[in-house]
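Down below are the structures I want you to see.
Common to both upcoming complexes is subunit A, partnered first by subunit B, then by subunit C.
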Partner chain A sequence: MHKLSTKKAFVAYFLFGWLLLIVADRVDELRVYQGATIAVTTLAIASIILLTGYSGQVSLGQGAFLAVGAYAAALSQTFWQSPFWFTLLIAILVSAAFGFILAFAAGRMSGPYLAGTTLALAVGLPTLANQFSFLGGETGLVYDAGLPPERFGEEFTLYKWFFWIAAFVVLIAMFLLRNLLNSRFGRTWKALRANSTAASLCGVNVAQSKITAFTISAGVAGLAGALLGMVSIVAPSAFPLSLSFTIITGAILAGVTSLLGSMLGAVILVVIPEIADVIAHQLGDSEKITTNLPGFIVSVLLILTVLFSPNGPAEAMRKRKEQHAKH
Partner chain B sequence: MISLRRKKSILAAVAVTSFALVASAVPANAEVGVSSTEIKLGTTVPMTGIAAPGYSKVAPAMKAYFEYINDNGGVYGRKINLVIKDDRYIPQEAINKTNELILKDKVFALVGQLGTANHLAVTSKVRIASRNIPSLFLNTGYSGFADVKKFRTSFMHFPTYVAEAKILSSYIKENFTGKKTCLLVQNDEFGADAEKGFATAGLTFDETVKYVSGTQSATTAQTWITRFAGAKCEVVVLFSVSSATAAALGVASAAGYKPQWILGSVGADSTTLKIALNNPQAQALLNGAIGVSFMPDALDTTDEYVKLFREVNTKYSPGVDFDTNVLVGMNAAMLTVQALRAAGQNPTRRSLITAMERKGSTFASAAYGNLAVSRTSRAGFTGYWFGKFNLAGALIPLDAGRTVYTTDSATGPVTKASAKRAALPAKGIPTNS
Partner chain C sequence: MRQLIGTLLIGLTLGSIYSLMALALVLVWRSTRVVNFAQAGQAIVTTYIAYEIVTRTGVFWLAVLFAVVAGALLGAGVEYFLMRTLFRHVDEGPVAALAPVIATLGLLGVIKSIVGMIWGNDFRSFYPPVSTDNFVLFGESIPFSRFNVLVILSTTVVMIIFSFIFQRTDLGLSLRAAAFQPEIARLAGIRVGPIRTIGWVFAGVAGAIAGVLITPNDVLSPASLDVLLVFGFVAAVIGGLESLPGAVLGGVVLGIGVSFVLNYVGTTLIFPTVFVVLLLALIFKPNGLLGAKKVRSA
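For the complex of A and B:
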């Protein structure tokens, strides 16, 4: 399939970013807030796509890496008064280091064992905040991107500022990830995923490649976690087990092998509560329905995707296109 | 021919642009949430989840009272529409739902939210103060919310936990000196505030058990009771939410452990106890426990406020048991109506905040004493009376005069005074301005 050159891809990302800024100026604050959430979720899903879609490793506890990134960023801001942009770097480095240690320890595991280990991490890690007072307990830590610059004017809202930051960071991260996945690393991981024995026979260092993928994926997730902490809070309730499942669901809905599909997955996850709200309204505004319906819809979509399009709609589209071309 | 990748890019651009255009139709309004016929208010409370038993009744009780007011002319002709969102007692959910209330439902003000951690999360992330969004009659006693500099637009309903702990301390020191005294508190600002009050009053505990909010259950309560029994505690203060108090009393009863219970006002409710323990006779577990309240007991049908609120509850919430949670909700609603009236015929968020500052301390309510709100404080009520629970789960005053103990959230002394409050407005419908 034809791929854009790096230069053309940069122009495409730049134009898309420009379009987002124009759109953010035209929509109301709710949509801007949702836009920031979509950006953060996109990056979190991208971390899964890198890990599972490319290197073939399964993590059921990606939420734990988001939590590590968010807490690292918040702690560096709280105790060292680090500038916001620097805290994002701290988030990447600390969560990547955490991922590296875990990958090293879990190097001998694969499949359900690795999935189980990461799942246990997602269950246990956020509760640590209640054991150590410097982590802020249930209320969490204050993590702040600061107010928008005054030159943007009074009409420039806080959520628009969050959106700008999130969109800017995520576009850069996605561009770098795209290049990484199109490089030697990406091809190696793909080979691993397809057949690790064959890859090994071709000279690929399987263990090292898996550790590299796990570390980079954790770093990306950590960055997403810091951005999530900026939009919401850095507290155990922001990183429940359901967050890990939501991210995986988004990746599956989008197609685990499609980096661009991560945006589609994020949009679906943010739009579903809106749809649930409309349905709940039709059914009499029961709070119990409003609370549980989004989870139900996501579950149904997940089952349908696995049944009819296990590699996601983007992959299905690509295959159809290829078949069409053959005829 | 257009490549698949390019096609996808075009599709994405079209989708984003369409999304933007559909979303950009925002109606202009003089004041958000106020129309010629309606004032829209919002609240987030635990309607489901671990803290729902009991607390899920607060917001519907507010709604019931607002419907009563709406049927009697509303506030200067405008009906009050209360939008209720379920935050499941989770700070992250409180942020999400508050954002929905402000950005999507476009409410005029927030009212009657529950939970210290939740409101701390909301104030820090939704930034209601810098956006000038009023948050009236918080159903939490965290003393920090009284700070006008940090929480300019938030106004408390409950007395502070520091004051409550100081008042409880004075009673314990007066009546149980020399006995082994122990404490159950929540491991967050709610509990820290209480511990601050006990420490300020100079009361120390032989055993302190802290639980993490959301983990309270019969299983965790086994651990608490084992520790209290092991330490041979003779007096146990349960400064906890209703579901934790219920779990502790249920497990202690099953184990035959019978200390003198002293219950904080937040967690002492007989109806919640029955729901949480799934036992229609569970109110008997409260028998003999000492409790405090800043309002009359919900079972005291001789009280004019309770009588009126019970009538409203019967008519507008048929089938709902009247209890402390309903009383708290309706009291907050009655105060809200007075605040809206005091804000003028065409209320704005600014005029509502000013009205709270200038006239809040004069509002009629079921509580004994006045709100301590002013231009320099966002504090709620300040006084408590002591009572002992009977077999029916009613809190009976320890003295006929119902002495009210009052104090501040700092180092001020605990003072005693006879109970007094403003008379109930005619038919329970405020007419203030």
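For the complex of A and C:
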């Protein structure tokens, strides 16, 4: 596939960011909030793409790393009164450290061990919040990005401010990730995923590369978690098991091998609850349906995608195109 | 001393249920090379079915029977309709190899949301057939009830039946052969496909019984068996993920460990403990407590 040079990519990211700001100025509050959610979800999906699409490992509990990042950020704000940008840094570092420990134990193992371990983490981690008082129980912790600067004017709402921050951070992170994946690291991971035996014969240290991939992925997820905490709340209810399902669904829908697809996946994920709302309304607005329908749609989509195009719709389309080109 | 005995007995009760879940996961892993995360979903469906029957008729054993049959049918259905289709694609790409595992996760999500749509997400109580009050021994109460006795007895019976089937019948031999070397088993005239389905059926039955036995001491909700799934997985890993006796042993070890933490430390540390146990097992005993040598004899 044709790849942009780093300089051109930078310009593209910059222009895209500019476009986002202009659009965000013209839509209502709900859309801005959804925009912020899309940005955060994009980053969370990117963390899976890095892990599954590039190094061939699977994490079923990415939500746990988001939670670690969010809590680390919120704690550093509560106890150290750290400035906001520093809490984001803390989020990355703490969850990356967490990922490193986990990868050290499970990263060298084959698929099922890692899948199960991460799932165990996603089920168990949120329960900890209720058991240690400094984690704030069900109500969670206070974490905010502060008010928007006054010179933006009275009409500059809090959500617009959140969107600005989220979009800005996510764009930078995605740009760095893109460069990382095009670097030696990215090539090594791709080689690993394609054939780890061949890669190790070429001098790749398989265990070490996998641990690196897992650590970076956890760090990225932690950053996404801190941003999610900013947009919504830092409490166990923000990081249920279904969050992990949702992220992995987004990654699969996006086609786990393309970083750009992650935005597409995020858009789909944010649109699903809206569609579910409409359907639930048609079905008579019973509470049972309203609360469970979004999860149902996401899970069904996940199964259908792995059934009919396991490498993601984007990948399938690309393959078809290539076959066309050959004939 | 009294507390120690109580702790061990509770550990045995919990452990026997974890063992059943671990058995379910190991059976599926051996037959299809997938960790079936939907096992918790299948078990939640059968547990709700049992709940309906218990609340309507009050007959616990009838409920267990229905749960077992439903569990068997669900297991067969998932393998036949979902897994077979998925495995046709496994060679088609790097990510497709992960597809079956991801599909079981998706299935867990689908089942939980359907259960939520039917029964709602609120907690329900599942009434046990016998008392869950503590026994009183020499004027002192020990944290062990008639229901705990029932749990240990029934899991023991299930394990005996399972090991009889696996060690003494032709079906068991085929199951073990198909798990150990599918290609050679096929050459030896074993129809590996149907045998795989039967592996899923047994797993469904084990999971269904585990769900029905753990719920009376707990509450029932669409997500209430997620923790059992995790504990079952950890137990299976302790046992090596390949071996049936290993799964049982892993369950008992984990159950007693959890019970000790419960009684001597408090509920706070249960999950961290289980997680640390999992990591330690992965680092120091990646082949399981019973070791790699035993894998063949499974």
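As a working rule, the second predicted complex is superposed on the first by the 325 of 327 C-alpha atoms of A that agree within 3 Å, B and C clash if a C-alpha of one lies under 4 Å from a C-alpha of the other, contacts with A are read in each partner's own complex, and residues count from 1 in each chain.
The rule is simple: contacts are C-beta pairs under 8 Å (C-beta built on N, C-alpha and C of every residue); 3 or more make two chains touch, one makes a residue touch a chain.
All values derive from a computational prediction rather than experimental measurement.
Judged by the touch definition given at the top, the superposed model places A:K288 against both subunit B and subunit C. In the superposition on chain A, no contact is made by A:K8 with either subunit B or subunit C. For subunit A, the partner with contacts to more residues, out of subunit B and subunit C, is C. Within the superposed three-chain model, A:V306 lies in touch with subunit C and out of touch with subunit B [touch as defined at top]. When the shared chain is aligned, subunit C comes close enough to touch A:L241, but subunit B does not. In the superposition on chain A, A:L20 makes contact with subunit B only, not with subunit C.
Contacts of A:R187 after superposition on the shared chain: neither subunit B nor subunit C is touched. Once the two complexes are laid over each other on the shared chain, residue contacts for A:G137 go to subunit B alone; subunit C is not touched. Once the two complexes are overlaid on the shared chain, A:S232 sits against subunit B while remaining clear of subunit C. Touch criterion met: A:L121 reaches subunit C, while subunit B stays clear of it. Touched by subunit B in one complex and by subunit C in the other are residues 127, 287-288, 291 of subunit A.
For subunit C in complex with subunit A, the touching residues are 29, 34-35, 37, 82, 85-86, 89, 92-103, 105-110, 112-114, 116-121, 223, 226-227, 229-230, 233-234, 237, 241, 267-269, 271-272, 274-275, 278-279, 282-283, 286.
Those residues of subunit A whose C-beta lies close enough to touch subunit C in the complex are 52-53, 56, 58, 60, 102, 105-106, 109, 111-113, 115-117, 119-121, 123-125, 127-128, 131-132, 193-194, 241-242, 245, 248-249, 252, 256-257, 287-289, 291-293, 295-296, 298-300, 302-303, 306-307, 310-312, 315. For subunit A in complex with subunit B, the residues that touch the partner chain are 1-4, 12, 16, 19-20, 23, 26-31, 33, 127, 130, 137-140, 142, 158, 231-233, 235, 237-238, 240, 260, 263, 267, 287-288, 290-291, 314, 317-318, 321. Those residues of subunit B whose C-beta lies close enough to touch subunit A in the complex are 3-5, 8-9, 12-13, 15-17, 19-21, 23-24, 26, 47-48, 84-86, 88, 90-93, 95-96, 99-100, 103-104, 116-117, 120-121, 124-125, 127, 130, 187-189, 212-214.
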